[in-house]
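The structure's right below; bear with me while I get my questions together.
Going by the order they are written in, the chains are A, B, C and D; count residues from 1 in each one.
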């Protein structure tokens, strides 16, 4: 079962192509419900009227982008695919395809509740992605050989990062304090340090950044 | 004619890429007509107001997903393509591209008639897919060598599964009894057993699950 | 200049992928402006109310499908691409992307004028495609080696077929006579015979159907 | 670090596929908000009523097309990708995905202000693209070996061309004089001459047109 047949490699290839197409469509559709205001006098007035929509677009674009980068990273560590991975990946894409809807909700209803729903959706995408990675790497043996420590590290990073970054961003905007931005800095610095420590202790290859 | 030229392999490759793009767009467009309600007080209220739309979205996402997985399975058994397969595959994609419309109908008009139209559409997609597979495997010799038993098994699975699962799901929801869910369990268990019996009798390769 | 570098092959590959994505999006968007009627009593009533839209969808789906098949055929005969082919191919895709708009016009305004505009658009797509093929095969030497007769045959088929088929289809529907359908039969039979005659005379390879 | 692993080549491949899908969707969505007028008497009347929309569509289609061709050219000169390039490329795609919105604004509000906003958006896309290329070629060593002169030439061409062409086009239309068109001719001729001079002086390979 450890030898990879041509068919299994093709399966993984087609799964990646399909996911890329869904990512690309979801990211492009984010802007489709944004329309220019009917009346505007100057460029400043236009930007001021569209401020909320453009900010929601920028946040959602970043969310899909972060998830695409994470997907590229996890799937570049896989060597083959199976039917269960198909289903778990579809689950993640099904939640991702709801992001244009979540973005529209965000700019139409800027209350704390809508931010909660939005962050919950982003967190759910991260969890579905982690489920797919966890199944592939830990149960089905679909990944390339790597230490368990790295598998867990990838799992946590994929599962927690998008929701955490997204929540902290909104916290920073809403509370208008520096706590949220400090939190983001701590998370990024912590990830980078963990990465280096694992590389030094041999749990990660020496130059992982070159692959990522 | 049994030797595969480079061009024929390219033809199959491009047919698969095109189909994947259509699947990806259809699955992402399912959510595009869903908009948040104008007024909602709490997260519970929001989910309650959007219940029908989200359920219709989930069902349609599952339908496109099941069809994509089935398409991946049938086409991974093909070795080349021809012009007739192009047309039959387009017929299937043309019906699939109507699913966003069928989904919209389902949540706007939750009557038994709209469920009938929806299940008929899903059944038609399955039949068109079966027609494409049947032509490729049984008439045009486009598939890899395999016993006739397996060809028929793939045909029935592709043709009947999506419509059957979909019909039983709605039956379960509408009648609110356990008959529908029992039916789904029987179908899945039956398929799994048939798969094993065929593998034991030599009509299927010994470890088919690894390829699927 | 006749040796194909790796880069030139990659260029052609990326041009084909991009075109496939545009074809796939255009064909899926055809259905996006179709919405179910607000009130309908039975399945028969629903189909009767949506008759015009579904017919326009079917015709446009066939048009994009015929063009995709033609594009696959012409581009499978190319060995490399250049910047001018990029531009001519974009011109064709730019007209193709207007088909959803043309389809909407067709069902909203079923007059003879809208049919004329629609057929003109389909004809323009065919001409742009023929321009791209003619440039690639006859001026820039981007195609695989083939007799001039075959080059001209592909040119005419690509340029005239979509508009002709489309015009004859509408003629058949509008005049409600058998003249249009007879015309389609004559065109298809004529193409098939020309194909065989050219193969016999050596202007085409002996088994062209296997490649197409 | 100069040896390219299989993974790094795959990374670049997936980045290109994803970008192509976003380009294809953005270019096809340009037409989605164009609807036929409710009443029109003749083909001439139809075209006259839709004149502004079709012109804005043609300009935006050309802008996305020019950017796609530029993207193909810069990325064909890269040999691998890294995480920073992912982010810079996403930034460029995020601006590109706003073009359908910019196009809608252009035809709804034909004032000088909307032209300024549109040209600013096109310029920003060019700058983001130049940033991605500059990082990849000059800082991260992701490109194939080439003289610094060529790197700078590609940078300026990618950064300045789309905004310049777009601004001059609008200038020509608005002022209704020949100054704008003369400017475009000067830019194109200048680029072509620079290309030849660099090739003669050895800063560019002898037959660069064959690759482009």
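The rule is short, and it goes like this: contacts are C-beta pairs under 8 Å (C-beta built on N, C-alpha and C of every residue); 3 or more make two chains touch, one makes a residue touch a chain.
Because the structure is predicted, anything quoted here is derived from the model rather than measured.
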| item | value |
| --- | --- |
| Fraction-based call for chain D against chain A, same above half, different below | different |
| From chain B, the most remote chain by mean C-alpha position | D |
| Distance from chain D to chain B - Cα centre to Cα centre, in angstrom | 38 |
| Mean-CA-position distance for chain C and chain B (Å) | 27 |
| Residue list for chain B, restricted to those that touch at least two other chains | 17, 21, 25, 29, 32 |
| Of chain A, residues touching chain B in the complex | 1, 5, 7-8, 10-11, 14-15, 17-18, 21-22, 25-26, 29, 32-33, 82-83, 86-87, 90, 93-94, 97-98, 100-101, 104-105, 108-109, 113, 116-117 |
| In the complex with chain B, residue positions of chain C that touch it | 16-17, 20-21, 23-25, 27-32, 34-36, 38, 40, 42-43, 46, 57-58, 61, 65, 68-69, 72, 76, 207, 209-212 |
